[in-house]
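Note that chain A is present in both complexes that follow, paired respectively with chain B and with chain C.
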Partner chain A sequence: MIAHDFDYHAPRSLADALALLGQADAAVLGGGTWLVPNMTYGRQRPSAVVDIRRLGLDAIEIAGDIVVGAGVTYRQVLQSEALRAKLPLLAMMAGQVTGGPQIVGQATLGGSACYANPSSDVPACLVALDATLRLASRTGHREVKAADFYTGAFQTTRRPDEMLTHMVFAPPPGGAGCGYHKLKFSTGSWPIVTAACIAVAATDGGPRHRLAVGGANAVPVLLEIDGRDPDEAVAARLPSLISQEWSDEFAGAGYRRQVAPAIASRALRQARGAR
Partner chain B sequence: MAIPEQESAANGTGPALSHAGVGTAAWVGRDIPRKDADRFVLGHIDYTADMIAPGTLRVAIVRSSHAHARIGRIDTAAASAAPGVVAVFTGADVRACSAPMPTRVPRERFPGPVDIWCLAADEVLYVGQPIAAVVATSLNDAEAAKSLVEIDYDMLEPVLDAAAALAPGGALARADWPTNVVARDTIRQGDLDRAFQAAFRTVGGEISFGSGTSAPMEPRCYIADWDDRASHLTLHGTLQQPHPTRWMLAQVLGLREAQIRVVAPPAGGTFGLKMVGHPEEALVAILSRELKRPVAFLESREECFLANAREQTHRFEIAADAQGRIIAFRNTIVADVGAIGAGGGWVMAMVTPTVFPTVYDVPNVAVDAVAVTTNKPPWQGIRGYGKETANLVMERAVELIAVELGMSSIEVRRRNLLPKQAFPHRLPSGLNLDSGDYAPALDQLLDLFPLDEWRQRQQDADSNDKRIGIGFAFDLTPEGASFPGSMQAGFETSTVTVDPTGTVRVATSVTSPGGGNETGIAQIVADVFGLLPDDVTIIQGDTDITPFGTGNTSSRSLMFGGAAAVLAARELKSRVAACAATLLQAEPGELVFAQGRICVDADADRSVPFKQAVSTIYTHAYSIAADIELPLQVIKTYRSPNIRHVPDEFGRISAYPSFPYSVHAAAIEIDVATAQVRVLDYAAIHDCGVVVNPGLVEGQFRGAVAMGIGAALWEELLYDESGATRTNRFKSYVLPRAPDLPRIRMGHRVTPSPFQPLGTKGAGESGFGGAMSVITNAIADALGEHGRHVNRVPFKPDRLLPLLAGALS
Partner chain C sequence: MSRPSIDLALRLDHRDVVAHVDGRALLIEAIRDLGARSARIGCLTGDCGACTVLLDGQPVKSCLVLAAAADGREVVTLEGSASAIAETVRRAFIAKKGFQCGYCTSGMILVAIDLLEAFATPTEADIRSAISGNLCRCTGYDDIVSAIADAAEQLSAKAATRESPEIF
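Up next, the complex of A and B:
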């Protein structure tokens, strides 16, 4: 139950939505799987809620670049044959989201991207895929690379008057492999550490890996590693990149830094094998 | 009624479906679906919260944000003026119009005055303690106005763990008590010093348990409706114990019991949480009487996680002779029971020491237990009720001494299990074990669990990648708690009525937590009359129409409530038999009740329908039925002959009548890189005496195992440095889900209790401690030689990882 009063808007145009965002301490409502519980627990008390359901942001377009609307749900990702063919990593990630239809069919990729929970699956995936985030506001539009979007736990470069409209992905080169490995302690647990990896074949010295580790740090950690035996590089470099280690009720200080290399190696192995 | 055939239930296949022969049970032992299953599945059941009528006022509770403080000024003016708000009550308001809540046990047991009010009056004792009640026309308005109540706190030093509570000269968790120690127990049997000196091998260890909670699907809810013109209160609520709740309300409100009706609608699980003594039970009643309107409280999930339990530390030592006989065991227990409320949750800490040395025959035993109060939320009843920790510690001790002896722990168990002929057996605490057949249960388990195969897989596993561990554990669960001087005094009452159409009504004091005991009671009563369970209606949870009793706690429903129903039914049967004997021109002793008919044993053609005999009694009260006592209604109370409240020669009482046991085996796998544990295989043998309904027993047992695995691996309440509960959602306090659990293979043994008319023992909590223990032993096994250092439950990976590192090095 939400204790405070607020205005609910479901505008029919992006311009109307952006006008509302510019006025008040408004919150954007995607699937609501974050916003509604947070409002219920009094952790967010927006005076207005702007629902994006009528803005047509739930499309997946594949024409050269792959453009995923901010309102696309995990289920839509899983149901799109084309997306699964072009961005299998995204489908792998969506396929491992638990919570049943109430979460998978309701929660949006854009919502998860913007909420920036260190424990969520989406941010590190966007970083691994080098996604570009399109942000819109009354005063204009801009594009931000996923790796630059995350500034801290639950913090992004999105301004309160801005709305994420789309996530844009360049299709990985042919022959690229991908891997997604997630450590969670039980079905109901948050992800503890996630690793998303794209492996691209190179002519000399083995594949190139673009690896993003989520859950372990306040923001996703990106590593680019070349070579046939990247595990050593991961073990050497990853722990020091976890500069703001995340800890919570599931695992205290030190745990995630310690186990992250193993999780990363599993994603790397999968990416090399899954090509 | 004779004790029913046991073998039918023993092999788990159930008896033949046809009516059995003369004198045997037709329905006991059968796996029939629970009564009203369709209504539950189709959503046609009204739970308490479904009964909040339009126009009912709603309560939001302002709770303490500090662990320990004196309450200064409370300003309710702004909240009182907020939209929809009808009233704001504080502790002072409550004190002006009611009496303190009675505690469940005598006040003289506590070290200081125990006035417990439903809203804190002077001093707050934990984060989350109710301080003020905001009553509004809608829950939204009540919740919204909560933040407008201003409270001045005068900080007191909080006591947040047992070590601080016991520190000499340390802070006091309750300012007007001279000590933080709320209870002690000292149990002695034999000569410990001599036994330890004479021992061939000794070993010791320490195990601590984190806090846990019950987290039922349905949170608590209470609806009070005071009828001012009739001076009568009706309380509907999520209540396991409607009669004790009425007793509590009568004292708080200064009313006679006759002025109060307490109703417990069907429950969505409780696991001990909904026992009497929550402040909101009294609060809504007080508010309704003062405001002369119905008032409802519905607990949020966050509030539900304030229910604390189990945090304790054991330091134990065990000794064995050269033949592997355990000759001595000693243990010191320190339990942190949080703040003391009106409920009896803290009693669990005093049950733990009484269970040692569980299923083993140990001549020399010493257990010292101390319960300390701290400024954490009060303990609330939870499945296991303290027995689970005793079992886990005992099972660890057996494993450790087996290592010292160089013997397999299975062999050590075999050499020390109490033999069948040793029963009844008095434990050092005074508890009198009714019956058991432990070693054959272990054999039966080894038929069900492929030990050799798992040992092979353990050897074959790449120990740098995955470690496999195999565990065994016994579990002894005393059931049917009957504490002297409390409203859990150890009897239950059933009123059985045969109505004029020949159907049967059982109004019983035991309530159903949602586990299906009504179906079991219908089965045993149907057998008395030779009727169908569908002919028997069970009425529960209404103090106006059910007789007095404890309610549903400690797996007592069939053991006590069912037994009382059988005793009453047997008396009614003899009345109906008297009438039938006249109708059939036979002797009552010749008659058999089966398949809805009453027939002459030797001549099946001479019979009369049960309904006809009953109808005759109701319609011929001056002729055929002139000598039959009317109405056809009998009330009986059942008291167990295996409860002793008079201290024995050692000064001990026996507060539990029944001792179901189980033996468990599990295989687990630890991911070496992350210390994540997965349960690969699970098997158990369970013995609760005569099984009335195998499906219901298996459902309870599997639920207990699932809960035990959760408590061993994932579930832990955490508190921050201010004493606030950090784990207040299902995303931070994680219950096991189906994909997290293996298939639980289960077998029955049936060793009837000689003390209970049907031979049944409690079934409900049994298995919980065994599951915690077997997972613990399996994890220790996976760690090899380093397993001896296992010392903390649950095994969250961040704690297990350093142990694993030690095992690898």
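Up next, the complex of A and C:
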């Protein structure tokens, strides 16, 4: 039983939802896989919960840009052949989410994007794919690049009255390869370091790589690397970009910085191989 | 002190129920109070899967769902699972000793049914992945996996007989 009183709303229009979010202390409910246990254990105590499930934010639209609703679950990502073909990185990521088929079907990409847990899979993927996040509030809409969205552990530029409605991706150029690698200590445990990479063939000087490392730092770390021997560049540049190293009970200070280049190199290799 | 309560109308194990529940309740708490006791409360963090039920046909961990969010929806627990697949999985758990204390069993059987409804011939890896969100504190995983594999085999054998032309 949740200890505090709160109002539950499942509005049918975005305007109603945004009006409710304008009240103090309201929280958006996506799949609830974080919010609900946080409320059960008293870590989040919103006075109102605004459920997005009737807002139609669970669609994947592919027409030029790829628009993924905030309420899309990992299962929907895995089941959409069109999305898998356009953004295989998202499917690779979703295929490695733990917690069983229940979590895969319940948890949303938008929830993970907004929670900004350094150990989550979604944020670094959004940064690697250069996603644009659409935020809506009573006072208007705005778009933020994923790389600018994350400001600290569990912190984003989202205001409390704003809802993430969609994540928008430009399709990677034809022939682009992608890789996703994560280090974890057991099958079901939280990732220690994740690395997501997109490799695009260039006419001269070898492929261009866009690499985002998650888990290692308070916010995802972005590296853009050109050339045929990117491993050296990763080893040289990545450790110093980890300026707010994340550490927890799974891996103490210094560990993630040390292993991050090896994990990043594996994602790079996979991205080049898959091209 | 009186707490704000809500009216909840849902279909629980194929019965329409209308109940007055505490607005702070989790779905697992509401359905257990309504008599569906096969779903269990374990961790309330989403980790153990003992609270697994089908919500509108999808397996969910019902400790992660607010009771209020289930209004107008359909919940099926192990007690309401009566298909041939469900029956076969249940018997296979007994035959293969797929449980010790039994606390995790209803969740395990529900995810197994969900798996076998989607894939008639799962590999061992498919089975392990299907139960990866369910913890057995007695750690009897091998027997659970072999019970599910056994159920899959029995169901495919039955399907093969059904498909044979002599039946018609």
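We take it that the second predicted complex is superposed on the first by the 275 of 275 C-alpha atoms of A that agree within 3 Å, B and C clash if a C-alpha of one lies under 4 Å from a C-alpha of the other, contacts with A are read in each partner's own complex, and residues count from 1 in each chain.
Following the convention adopted for this analysis, a residue touches a chain if its C-beta (ideal position, glycine included) is under 8 Å from a C-beta of that chain, and two chains touch if they have at least 3 such contacts.
Note that the structure is predicted; figures quoted are calculated from it, not measured.
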What is the contact status of A:106 with respect to chain B (first) and chain C (second): first, second, both, or neither?
-> second
So, A:187: does it touch chain B (first), chain C (second), both, or neither?
-> both
What is the contact status of A:3 with respect to chain B (first) and chain C (second): first, second, both, or neither?
-> both
Please work out whether A:81 is in contact with chain B alone, chain C alone, both, or neither, and reply first, second, both or neither.
-> neither
Share the list of chain A residues that count as touching for chain B in one structure and for chain C in the other.
-> 1-5, 41, 187-188
Could you pull out which chain B residues touch chain A in their complex?
-> 139-140, 143-144, 146, 300, 302, 673-676, 713-714, 718, 726-727, 730-740, 796-798, 801
Can you check the complex and tell me which residues of chain C touch chain A?
-> 3-4, 6, 22-26, 29, 44-47, 49, 52, 58-61, 63-66, 68-69, 111, 114-115, 129-134
Can you list the residues on chain A that touch chain B in the complex?
-> 1-5, 41, 183, 185-190, 192, 248-252, 254-255, 258-259, 262-263
Across the complex, what residues on chain A touch chain C?
-> 1-8, 10, 29, 31-33, 36-37, 40-41, 49, 51, 53, 98-103, 105-106, 187-188
